[in-house]
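When the chains are written out, they are named A, B, C and D in that same order, and each has its own residue count from 1.
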């Protein structure tokens, strides 16, 4: 941490700031420049930099070290590769997850999964507990939904991912699910994150609608610092002033995250755009930008879907897109499966 | 709901859209204009309007009725007035809540509350469970914190509000707390909202960092539709591109909410700005714009606060501000206490 | 400027960075801390900090001094007070500007101005050249509009402000207008700003729809560095994801600007909200937060206005609001006229 | 336009609304539904919908037709293909533009262009008049810069694009430049747009930092309605809360624009990200999403560049990227040159 004093700061004020910082448990060293005296503060304590900025004579306080440790590339230079059912995320591998938004019935999941399995998809997605903006909307089948997912996935040799919405649901998810998904609205549900740090199954952590990349990494740090090292990050669009898409997919988050963190980052083009015909171009864009995977909504009959049918691909469209994505991956020296 | 057909839409396409809508449980009526055929659809079912927009020949689908019902002024034209410990929110009354960001010790809460009580404050705030971005930061005293709050509040004849972070904590809060606060990061924690609909104590619901006003009202609808009618809304700043304040306090949300909902709306200037010297001007602005209350962070010794000291007022500053706010309230024919 | 080296940076890399900085015309001094070596660079040259950040071994580059000079409080600690026709902006004075969005006819301006003059308003606003999103919308009366404004203003002893849209229009404006207004869309029309620095009439500079406060001050710096010290800043709402108001009025920009700059800052509640019934509460909020003035749209017959009638006040509503604002100003020890 | 009346609206109020609309020059037709009466209004007049929304008994006013006409796919279903120096934008063609941010000297432009020409680039970019946030920063060489660009381009058989900043500069640009570029900060400089509608050279129109896609199209409509049909749109990043990139490149704007407009849309990954190492991934993403072209900053010696060196590619990096982009274009059945 660097504390920049105002150019007018008296010796007395500088001393008071030094004392304050030391008292908070930091070692200090001073550098007197022509314009400004700068105090360096070294230590492992957490401090709110505004506390120092409010002291008399202080111009600015600058944090040097990152607030996240275990998820950073400085801590672990090599890519973390997460493998589920033979599918790898990270380290040159592009993992594919597909399936319906919500589990509606055994027949629906079975019909969809059969087609996905035929394309080569090995991880099935599907919501059993649904976070809905309206209390009057379909809220999901609950445990029944998880059972259906598991049964169908087993039938086709697939793994399963589904969204967990609260701490109390974790035991249920451990029973049925291979990857526990944390939704955008729960990215800063810190109790949930802490509990997910204690399990030993991969977590798919979605970026919040208005979360910065640093906050996404801090949320991952909650999980990893609890002992669970298998976190897959997911970019799913951020909220901006542009109304023509549901959200604005921040594709540049992919190379940004990959530079500063070793965790894999995948993209959800379905929720980001909210529009079926935008899913293919944005999937391709994500792969071209270096994404470590995709999670795509596919429904055997989008017109009758109980949730987000408008952004779900038809199985045939998905099959075609999947081939294009594999070709694209080849061009940038990656393997997509 | 209005379905606007493309000007080129054939009779056949119009029929298919009509059938689709009827099948979803809506009554329909058609209006053929010069340019566009418009289909009106009436019914109480929830439908994703994108499902219709994707049908052949449809230009646009427009929702007419609000997605929230019970919280709207159409449903209940008069202000909901919520009274806690003699303090009223709504209907011309401006309620005041004040206290430290976090409960750190009995002494700290006692020292702060004593001064607040002397000013006339009757509702004490304080965090026992703290949502922190970093897993390494102070996470609050937990139940011990709630006990301290209760004990101190009782000593000075005050009521207590504190933030509840998950479903499992609700019984604890019912024991110690008078108003249960839902933080911005939990505004769409739907499991929590649903459970808060079942209790019979007021809920203070904060707007999420990137939540629209409609979403805030939908979250309130979750609580009210569960049977708990006492919801106080709270504007606490939204996330924008402007870095000079922590968030951008959306003061215009006050008159906007008051026009469409009967629920009281208060303002949290401390979290919105993150800066002590901005708390007074923004508190005054909120009152002048018609806010039904304020929740302000005050700490007996901000320099040593474990959390958000930088945005906490000194008790003496608060005392002065409180007087100004009471004078301001008078000017706009409201009563502040 | 502070250049923080990576903890792993070799002596060789540090030397190369030092040389690079010196070559760019800066004096340097080094401070070796436990974790990081920090290089201080002092000089008046302008440098893009990313150029240094890309050098090998550099962790981060931190600008210490503000990019604006002449508009900052460091340069001039006392409020700049700008006086036009006896109305003062800044230094405890709240100036009022009112009038129609566009000049439509002599009769319309006359009817509006007469009522405003009766209320005590001494500065009349009105658009002659209109920046319209659509090429098919009413574009203003041009010079004819300026003439009308001048004539009516002279009749009632008022001053005039109107928006100048390009360099070529400046001579015309100098002939008819007392305050030259720069619209939000032109806040970074640097050619225009530079030319306005050469005139000797006050400039009312509106914040761009997505401009940061720092950028607003940099645009003011363009004008002031050209020699024209009379700049009135204007907050008029920024673009966010919230659709219920046209823009989000950033009331906190008022105290933020007042802390770092000596220039007066006023508020335009009409364009910020776009809704007549939100103008009064937001005007009051602005005054309560310490604004140095207001610019409000008033039209003698809003229903027939050619532009922005929806956000224009009726003269009678304005008269009532004006009284409230004067009372409010008194409470916070300011004078409004 | 559809006017939805409140469910409680009396017959009298409906009549008054009908009259108001007719008086504004629209034909009307009424549809009485169970809940709401809806009035359809047909006509070509421009009206501010808020004017009707403020009438008694009106619930909501919905615009059906797009505010842009000539640039929409409804007006012209086939892609507009713009060809400059043998390079095509649109209709399956991906055009490439490259060159330095600013023209600094003949030697610099020559050194850069020589390498670009060798790669096969046929359109050279370079700024002669620079829009700079700070009045103290390098403002460009002006006409001298345009001359250098022209001379070097002619030497290598290239075309030239450069940014025009104001109306007065247009004659100069017509003399030296093949594509006139409008910068993000001038996207709503309507005087400039109107004048560019009168010339007969292609215009490259950049999206403003906080402009919606609809506004971008409206600005293009200004140019096209003036008679100049050759407009190339350019996505260059929008302003969001994410600080890790200069702006957030809105890749989804590509398919969105291509669905509703016939004009080509290209991407500027250099300004969008502001970081050299993000240019390659975002260029690939843009092509994969279907962009009709790219404009990339390349400098023969980025470390000594006077402007934006940090985001400029080295010629060798560009050469490699260009090959990748050509391969990628092949995969999606496009031709890149």
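Assume contacts are C-beta pairs under 8 Å (C-beta built on N, C-alpha and C of every residue); 3 or more make two chains touch, one makes a residue touch a chain.
Everything numeric in this text was worked out from a predicted model, so none of it was measured.
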Of the pairs given as B-D, A-B or B-C, which one copies A-D, with over half of its contacts the same by residue number? B-C
Check: interface with higher C-beta contact count, A-C vs C-D, is C-D
What is the distance in Å between the mean C-alpha positions of chain C and chain D? 26
Can you check how far apart chain B and chain C are, centre to centre, with Cα atoms defining each centre and the answer in Å? 31
Distance between chain centroids, defined by C-alpha means - chain A, chain C (Å): 39
Interface hub residues of chain B, defined as touching at least two other chains: 210, 239-241, 243
Residue ranges of chain D touching chain A (in the complex, touch as defined): 210, 212-214, 238, 240-245, 248-256, 259, 272-273, 277-278, 281-282, 284-290, 324, 327-328, 331-332
Chain A touches which residues of chain B in the complex? 20, 46, 48, 50-51, 53-54, 67, 131-138, 165-168, 185-186, 188-194, 208-210, 215, 218, 221-222, 225-226, 239, 274-276, 302-303, 305, 307-311
Mind pulling up the chain B residues that touch chain D in the complex? 2, 4, 27, 29, 31, 33-36, 38, 40, 42, 59-60, 62, 64-65, 239-241, 243
